[in-house]
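In the two complexes below, chain A is the common chain; its partner is chain B in one and chain C in the other.
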Partner chain A sequence: MTDQRTAGGVSTGTPPGGVRRIRVPQRLRNTELWLLLLACLINVGAIVLVQLGALGRIDTQVVLLGAGLSVLVFGLHVAMRFVARDADPLLLPVATLLNGLGIAMIYRIDIADGESGWESASVRQIVWSAIAIVAAIATILALRNHRVLFRYTYLSGLVAIVLLLLPLVPGLGKAEGGAQVWIQFGNVASFQPGEIAKIALAVFFAGYLVRNRDSLSMVGRTVLGMRFPRARDLGPLLVVWALSMAVIVFQRDLGTALLYFGLFLVMLYVATSRLSWVVLGLSLFIGGAIVASQTLDYVGNRFANWLDPFNPERFDQDFGGSYQLVQGLFGLANGGLIGTGWGQGRPDITPVPQSDYIIASLGEELGLAGIFAILALYALFVARGFRIGFAGQDDFGKLLGVGLAFVIALQVFIVVGGVTRVIPLTGLTTPFLAAGGSSLVANWIIVALLLRLSDTVRNHPRLVIDG
Partner chain B sequence: MNRELKRVTIVALLMFLTLFVSTTIIQYVQADALAADPRNSRTLYESYSVERGPILVNGTPVAFSQASDDLYKFQRVYANGPLYAPITGYIPVNGEATGLEASLNSYLSGQSSSQFFDQLNRLISGQDPMGASVDVTIDPVLQQAAWDALGDYTGAVIVTEPATGRILAMVTKPTFDPNAMAVHDGAQVQATYEGLLADPGDPLFNRATGGDMNPPGSVFKLVVTAAALESGRYTPQSTFPNPATLTLPGTDSVVRNSGGGTCGPGAEVTLADALRLSCNIPMAELGMELGDAAIREQAEKFGFNTEFEIPNSTEASTYPRALDEPQTGLSAFGQYTVRATPLQMAMVSAAIANGGIVMNPNMVDAITAPDFTPLQQFEGSEFGRAISQDTADTMVQMMVNGVENGAASNARIDGVSVAGKTGTAENGESDPYTLWFTGFAPADSPQYAITVLVEDGGGLGQEGYGNLIAAPVAKQVLEAVLNT
Partner chain C sequence: MSELTLLVLQLGFLLLLWVFVFAIVYALRSDLFGQRVRKLQPDAAAAAPVAASAFPSAGGSAGVATEAVSHPAAPASGPGGETASTENAARLVITSGQKAGAEFPLGRDEITIGRSSDSAIIIRDDYTSTHHARLMLWNGRWMIQDLDSTNGTFLNGSRVTVPTPIPLGATVKVGATTFELRR
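Entry: the complex of A and B
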């Protein structure tokens, strides 16, 4: 807990004057600019390749639409030159590249399905991306100091709960694919508030844990070399556990429940350094999941599909069978090592190839090589997030950085692990790639928050070096 | 806090490592197995985008791919489709492929591992990928003769080469035109398929290797006779009581000979005469003396209860498990639940013709890459020895007698010694008979083993019998290739 010494009040350590900003060239931002150019080039190239592969000609309109998105990304870059000049130079290019690859694949599926114009998922995805990037710009402009969020700890918690409850409100909520996680605005758009809730939860967890970690970590009895918390301190864990179970039961959304609970456990562990919390939490969750798999049909189906997807009975089952899982595997296998190439595979055979299954679609057309590259991009993104945790000075910022980075890592693991049979398949979006507006907005806000945090870290060099 | 962070970092790293491993397993380790799953429609579409190799009969393509300018790059064409349907099968745009199109799909589509470098070469040199060609063992003259001889009967003819197991002709009727299943309109294919399924003649059955699965009737007596001679306790001169009726022990079932009376004159009949005249009562007596285990063992040595891949999949002919004495008696003349395909009976005849050795049946000679490198050459392979050389020699003589002055007289060909056995199997109280002929020629140096199956009594109900309907079909086929 060496950080306690430096928590708060470090800003006084800044070298004097804003003069420094003028003299020092923006080395980080220049690096970012070049990487951004490269990312945008790849993205436009991907759209062109999709057109050549699937259409056999070039449709300049869509290329321009995709290129228009680059303008907004550069807008974010320019904004950072003014308000976050020391922010991490890799986060923005990585997010841009993933977003662009996702658009290219969604567009490719649209071509296969014969969709175009405003009805098509790709055009919607481009519009949502624009909204998401504008939201990121707004975030980074409005939030000059992340510690402001610390003040709103409990408000964030409340917001998270409200967002989670919204889809259950009659008349507002909408069920899709069995999960009650959407809210509908007329016929115009639908939104998955649970995606935004994960940011609010991360803020709440970080703030709450920094305030209360002493009581959560210091006392308790030791069993088998692990110090377990007192019964009365179990409250928060039980509340979050109950929340996750409620998501499983009422929203029928296994993936989101796992995501929230995993996020909480990791932040709890980092804050209290008590492994016993992880042991307790995992036992609770696994216990809950086992009960759910026995009592809830949809959870039971997912476990059965996971264990024995090739069983003809499961494959042919009309609802809740393993058809999608197996088709995804066939698609990945079809891609092999180097993939079929953009527009040359058959990703459209798999159900929802542009959202839950976009990773299988990309794996089919870009091959194992492409999947490795995409996973490496995620790993890089997550690593930059963890870096904030290591280098940060205030515990709230550290925890928030780790939480936001880990939530991306866990989400990727749950989705890709589900598609590749590491764990049972659950419906979650693949960050930045999958079709879906709420997910894009949420993840771009995460980008903005991580950028803000990383800027603070570099802007305020540490006075005390950890031993 | 940083110690915990380090651990969380390791956990995240492990999560990503897991995903690297799981994707590698699916896209590299299991990729071939997943591609081979019959439910994998991607493999099928893939196979439509390369120029499939042709299927050749004596150098002439009976299935080949033509450039097509619709959704798919190539249209599969079956020359003389109905004649070769049981060999080529078809590959539809939706649904499962059949025949060689299914069993050799990886070669025909160029996806087999032995073609990997060839395809890579073509990719690099800018040539379009192309599948390998398949040479089949079918003799077009025999195939056409078998088609003509079978006429409008429901049934099958199969001709094999005894020394190698090569299938020289395989005809099944009624049949269908595989071209109708190769059109690129999925709905039309589905409609055609459903029509063929609903057809009471079951044209999709390959009756030479499966389908209805008929009782072999008297042709099964060859197996029982072989078992008797192999036991060492019987010779062709061994005798059996010769009543006009036999009530099976412990039942009311009465066995009769096909003529209705005794098996020739006299109170006793020899094994040779019983086979020559195809009598049921002495065979039932022999079968019960031998016991079901000995018959089953002999039948399995000939290939019963085994599914052969020729390389098309076939149905196993069956000799049932654990029979009691009366059931054994019935099975000895090919009734009860004994079932046989013409392919199986051809293997029995061919083994007798081949000195007792059963060859694995096969209808592919060679698979050749587009650049003419041979990928596979098929030499004959042995399934095993069914009977000794002595037993085989004895049985050849017994079967020659059956044609020359016995129940298979209608298979006689002037100037050629033909060995044969007919069969007339009952299917039920009033159902039409299943008619058989199996044999080979010339008997002194066998080149052709032939089996004819005619279902539904050849249109004569219970009036038809093997020597009347099936034996002349065999005679007509053999005459097309044996110089007379």
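Entry: the complex of A and C
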């Protein structure tokens, strides 16, 4: 009897008014619990193996610190048992495992660099993870219905633009590695507001497209079998394009611009199912990128490094050369099929091995087998996100789910593609893995939003009658 | 720690990583083949239209529903009865058609009816439009609105043209399916 509710959303013989109150066994949550336990076991195993490989002994303090994080994850799990009982059971374990693998790798690089205590990147990463998971718990407790976000469509658009512009405010912004995307809070912490902006943008795009999709998809003239939109409907596309180009020019951040623009294009395509928008958008972006590569030094450098990284001149270049790219490739090659083993490779030779290049570091120590497992985890995560979007009942939820999942997918593609020389290298954080607080907070909030969406999807009763 | 131990530990770790991946894929399998499960009707509802005798396993309600199938005129007896509201209506019962006897819980959300897969009640027959009708709450009362469907929505036999409050136990007809709201 209880199974019928979970299987078909149709209950038979339930007392009036008690439909929602029935205590069904939380099958989904129990699956999640087992997977979470396995994920935490692997995470602790990773840290222990790092210590065995790099130090030759076990330092219980760090293990305990990592275990403390597991407690928070289980806190999120318990919170979901109360407020999101029917949420997807796979997202949380995958995110937990990726986050833990990232922490283990960052810790391993800290050991190589001889850093420890509160100054080290790994401890900061653990603290940020804690903040991020608390943020996710807060999101899932505060946001009981994702439709609330629909009301704040234009507000979130405004928030996104303000967040994007924050790093350009003199005195607040901070440039690092050529890109001006951080804001600094005293000497304590720096934050990358663009990471949060991507969530606000996804909400804005979803709301905007649900409101205007008819005029975007129905009206326009047909050229070469494709329907092209009217000029007035083209407005938002051009605004977003101009915005992302401005990000490239003023903040010198190619990856983020690519991310925002790709997000908008995909959501536009999903909302209108018009290929013409994608063609139009891609040609705009490629045009913009070509112009940028000709006129902006750092963009041109990236292209040159991508095409000809093994040229000794490029390799030895002091700034903007291909040293990092080539070292990353050497690292991956050194890893081979099963890797050198935790703590036994030399990922620390590559510049910034714990953030932009964490995937190369993991590739070196875990090998092809490990990298493929990580990519499979990302694929499963994104597939769940798309699935949630696909199964959704309302258009806003559908678009938001697809948009959020696609953000993760595109980010992984841009980073891993850049490191493995499939596309020109651009600096973006690998979701959940890379060192960086703002990215962790943003991605955990995305997890919370997807969980909330999936709960609504399953909770919404459906009855199918085939005539 | 010898190199061999570390190698074995490394292989064990990779194995565990892949065990996790496959555990997730295994948990997914219900989802991959889950579409059919969702369409499966509850046992009682399936049995109701086939056999005239009520299946007691579904509790009292299915018995009532089967009764309604054999006497379709019976529930229409109260057209002037009290309007279904959040206080007095708890479920929507299919009284005739493929799924006679099936129930649908009434929450506070509107219920869309149509062929499209994003409807709350999906009816796939030749007479139902993509977005056929919807049940919505207006001041706590359940209203039926026809969404300009081709074959119309009927409340107690008369076609619904404007959003109309639904009396408790009145017959609503969409395509070949009829249903009513009950306590």
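Just so we're on the same page, the second predicted complex is superposed on the first by the 438 of 467 C-alpha atoms of A that agree within 3 Å, B and C clash if a C-alpha of one lies under 4 Å from a C-alpha of the other, contacts with A are read in each partner's own complex, and residues count from 1 in each chain.
Basically, a residue touches a chain if its C-beta (ideal position, glycine included) is under 8 Å from a C-beta of that chain, and two chains touch if they have at least 3 such contacts.
Since the model is a prediction, treat every value here as computed from it, not as a measurement.
Once chain A of one complex is fitted onto chain A of the other, the partner contacts of A:Gly363 are limited to chain B, with no touch recorded for chain C.
By the touch criterion defined above, A:Leu97 lies against chain C but remains apart from chain B after alignment on the C-alpha atoms of chain A.
Legend: residue contacts after superposition of the two complexes on their common chain; A:Phe315 is shown touching chain B, with no touch to chain C.
Shared-chain residue A:Tyr378: touches chain B; no touch with chain C. Once chain A of one complex is fitted onto chain A of the other, the partner contacts of A:Leu52 are limited to chain C, with no touch recorded for chain B.
Note: residues 367, 466 of chain A belong to the chain B contact set and to the chain C contact set alike, using the contact criterion stated above. Residues 1, 6-7, 9-11, 13-14, 16-21, 23-25, 27-28, 31, 37-42, 44-45, 58-62, 90-91, 94, 97-99, 101-107, 109, 118-128, 175-177, 183 of chain C touch chain A in their complex. Taken together, the chain B residues at the contact with chain A in this complex read 1-5, 7-9, 11-13, 15-16, 18-20, 22-28, 30-32, 34-35, 37, 39-43, 45-46. Chain A meets chain B in the complex at residues 1-3, 266, 269-271, 273, 310, 315, 326, 329-337, 345-346, 349, 363, 367-368, 371-372, 375, 378-379, 382-383, 386, 389-390, 395, 398, 402, 405-406, 409-410, 412-413, 416-417, 420-422, 466.
Interface residues of chain A facing chain C in the complex, by the touch rule stated above, are 4, 7-14, 16-17, 19-20, 31, 34-35, 38-39, 41-42, 45-46, 49, 52-53, 56, 89-90, 93-94, 97, 338-339, 341-342, 344, 366-367, 369-370, 373, 376-377, 380, 387, 392-394, 460-467.
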